[in-house]
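Heads up, the next two complexes both have subunit A, just with different partners, subunit B and then subunit C.
Right after this comes the complex of A and B.
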């Protein structure tokens, strides 16, 4: 009996710090710091606010689409259509502005509706027709890409009428408005996932769909909402692109689906678990690495190799962290 | 390999263990997935090995197996060695006492609950087979359940007992038939609708349909009724704790705290969490499909007491069980199913193992 008490004490005294280290978000923060230190030693101008703020502002496109990807992946599915759903949404915005001369708000709404519609189609195919999300979203990816090129006829469309240049140039708090919007969306998403009824149900479905259904949760509804949210966030990515470049182009968003999958994986999202804060750090790590490789003028092809290696490494670390956590619980 | 039945696979595993010619063979719950026939075969093999001089450690929670097969029994509870008996000293009551750590007054506690109004009425329920055309899984099933009553559903495995309940709960599409809850027609669709209408179900397959193993006890119980613990969209952690605490205490879930991950619990305690999740819905109809499958004697007794408490609270309980003594000990009334149909209905007085099995095997013919 006495031995037991001593053991308990030992565990609890080391608990605070170990708990902190075992938080999934912190696990991602460590490689970010390591990367920054290494790159700064080699290129001292890496860790200046000028450069770092450009990393932050560069995050938002993949970042906002990663939020959507995370919603879908927590429910246990995947969305390969994010990149081109965003692209198509951007094209629709370009059309509404350049050809129909709509105002800013209707343009944005049309763009968001387009993204939501793509998400709805994905969700209905996966949940109601029982298709695999890999196949469904691969198909909608092609459809979106085809539509985007057809509608734009492969030409960039100017949106200068909307007068977004002051929005782009402004630097509140040292970063762009777009970055602050992204940060706001990230924080709200984190709250939604962590604390709302929908967040609980989404994690329940991702953790064990059958158990969630037995508990009286309409898993199809929850998943379809996740796909629609993903479509909306994809549209946000598209809108950021269009506003940032003051034009809509069918080449935007190419290959972004896999980058969001990488960010979400680094962020520690798996069916039923993970947090949006983790996704934010995943996005940051991905971009810090990317910019670091660029400033160190690493060969483009070698960059891909290194990014792949970091992905594997981060997932391995995440598995190790979970094992450690499980061992502590078992004790 | 896949073509072998589970029983044959089990035999193969034992054969593989024997190939190394061991001096001691450890069998950990070897009979849980075996049919009675295969259990007999396994016992024969074990006895032959014993003759040849192999020492055998046979881990089981089934009392009958201990008495039939073993020469000496050691009882472990909560990681401690409780007691050891020689075959000549075997005493069922003593063994059960040591297994659960207290005296079991009677396995099936008596219940004295007045039976109330009719709560659920099922009329001519028919469910089509999911992939065989023109074949019905369930055909023309009708029955009623009253408040405070435990309806026992008997029948062989595959007679369609679970399917009837899953159809009512909205997990299988209904071909024809009507369901009335408190006299009002209820059209099943999703489990969400069923829970809103006041039905809850505990599945027989705890691994697949049971719990979210990523989560702790608290969240697993709370998830079935988030409305009660949230304000607007937001779930409030304090109210979640307050809501779950009474279930955690009254069901005697054995865990350090409500924050314990369910993956670390024993089968019996996991089952209690599943039942707590059902109770949390405040349903007035609760379906229990094999609620004591694969759990220890003490937890079984606890679950019988929980079922009695439900009935006392006026809940209509439907209980499916393949263990006849358990079903007969717990139910007020029985329907016996055979090949997707109701083969007969029996009152508590009429029900014996004979009458139930005759109906279950013979069917309605």
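Right after this comes the complex of A and C.
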């Protein structure tokens, strides 16, 4: 009996290549490579380090908010407030610097606390009051947007007092510090999701909440933590924006909730499953596509059409992949 | 005896879903009027009512997917798309207005069909699927603009500027559509079926209802109504504006939610939606009258929406044991 099982395993790993292709992360990597090859043949300077590093450094803003979105979506909910929660956090940073003349660390802390607070409100409304997650987060999105515009009066607020320009201009390893921070956060989140008890419970709650609750998992607590994490990552996105532009503006983060959902969907996240590595590749695919369309001087509005098409295509492919996988497991 | 009977009818009336939206509307109007007596004037309200029809028609459309337990966020851009198509056909290709309108409506139906196929038949999550069409249609709106305005002077534009009974024709078209849908939803077998699908798809399927087809029709209707709204808006402007419909999708959904459409499906009445859309518009107007900064309008919309859903949950909980 034992031998049979071992044999079975060997047989299935014998078809390794298909297994390899069926890994969600690889499924995203293929279109990235195809895109790169096509664009490079048309425009040879696409695959230079100069251009590619600008893609990498450009993807931190949506990227870091996608990590937060992924946490929430793995728990089976959705967060539409990420863009404006980040925007509001950035505005608070601008206020703390411009009006109250705080130092760098208190400014950053205030910003993170703002984000976490928005996340906490989302989490409490969803878990304790029983509101559906996307109505709650749509409401907080509206509220954050209103507050951000009202506080800033629509004017950009300079943060040059904080002296972040050296941080901004530094290029360790050919990329910016912010990108390295993003990479670090991505890897830590991946490890948290894979190896910690919290990640295990999060996936259990997202996969089947009733079963998770019966197994003794405090689903509400897990989800609220996911929302707070999402708020924190949104605040990180806001901080990156503010530091990058050296000013806080209420137009930052507009429409980012959709883009994070696109990245997360491309990365193969669904309730209960998915990995942060996939999200990273999803973010990369989105930005490679975006920058490739830009260097090929495709019309801006046609770009939107193509991004929509890629989104639909990737999700449909992901669904087909899961069906194939399920059939293989059933066999 | 007669009095008791009357009481119970009043109670029943007060406990209908529409009333629970109507009473807050009255309260907001009363409070604002106390502080600013010039709020409750014909001029102010006719201004409010000229803004309502477009969002209200989109809200009516999106209520169908919501009632079947799905969601459609492409509605606003579909409205803009249909309007631009019509303007482009009229201006650049010299079509007369009726065939151009038809093509606009067909485009709306086509996008609705694509949404339906993606969500219902392929199994893409409703939010992501309709977001894909949102991007595609939203970008396509601009492709018809070649750097100049798509003006079309037409006798129809003049017709739509005339007031009938103190209201612009859009208002009456909206009322007509709402009456039709109200009758469809409340008094026909089809309306009962569509609510049954949203309430419990499995039971509905067991009862012999073709669930997939109902959900599909809901998406097509959503696209259709959005196209109507976009075409009317374009007629109102007199030229094709590609930004038409930006952000309408969430305003419409907010109107539906405030108006008592349950997001879990199976519940919703056109009258409630109309009152919900009006409530949001009146509240946003009241905010300005009460002296709050206009930038807080959007925050108020969010708070209203969350409050409405909370109120609904509270009421449902109270209703269940009774």
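The definition used in the following text is that the second predicted complex is superposed on the first by the 317 of 331 C-alpha atoms of A that agree within 3 Å, B and C clash if a C-alpha of one lies under 4 Å from a C-alpha of the other, contacts with A are read in each partner's own complex, and residues count from 1 in each chain.
Basically, a contact is a pair of C-beta atoms (placed from the backbone, for glycine too) under 8 Å apart; a residue touches a chain by one contact, two chains touch by 3 or more.
Please read these numbers as outputs of a predicted model, since none were measured by experiment.
Novice: Under the stated touch criterion, which partner chain does A:165 make contact with: subunit B (first), subunit C (second), both, or neither?
Specialist: neither
Novice: Tell me which partner A:315 touches in the superposition: subunit B (first), subunit C (second), both or neither.
Specialist: Second partner only.
Novice: Could you say whether A:251 touches subunit B, subunit C, both of them, or neither, answering first, second, both or neither?
Specialist: Touch status of A:251: no partner.
Novice: Just subunit B (first), just subunit C (second), both, or neither: which does A:212 touch?
Specialist: Once the two structures are laid over each other on A, A:212 reaches subunit B alone.
Novice: Once the structures are superposed on A, label A:48 by its partner contacts, choosing first (subunit B), second (subunit C), both or neither.
Specialist: Neither: A:48 stays clear of subunit B and subunit C.
Novice: Could you figure out whether subunit B or subunit C reaches more residues of subunit A?
Specialist: For subunit A, the partner with the higher number of touched residues is C.
Novice: Residues of subunit B touching subunit A in their complex?
Specialist: 171, 190-192, 194-196, 200-203, 208-215, 219-220, 222-224, 226-227, 230, 233-235, 260-261, 264, 277, 281
Novice: Applying the document's contact rule, which stretches of subunit A touch subunit C when the two form their complex?
Specialist: 78, 125, 129-132, 134-136, 138-143, 145-147, 149-150, 153-154, 258, 261-262, 265, 270, 299-309, 311-312, 315-316, 319
Novice: Which residues of subunit C touch subunit A in the complex?
Specialist: Within the complex, subunit C touches subunit A at residues 71, 118, 122-125, 127-129, 131-143, 250, 253-254, 257, 263-264, 293, 295-303, 305-306, 309-310, 313.
Novice: Which positions of subunit A touch subunit B when the two form their complex?
Specialist: By the definition above, subunit A touches subunit B via 195-201, 203-204, 207-208, 210-218, 220-221, 272-273, 329-330.
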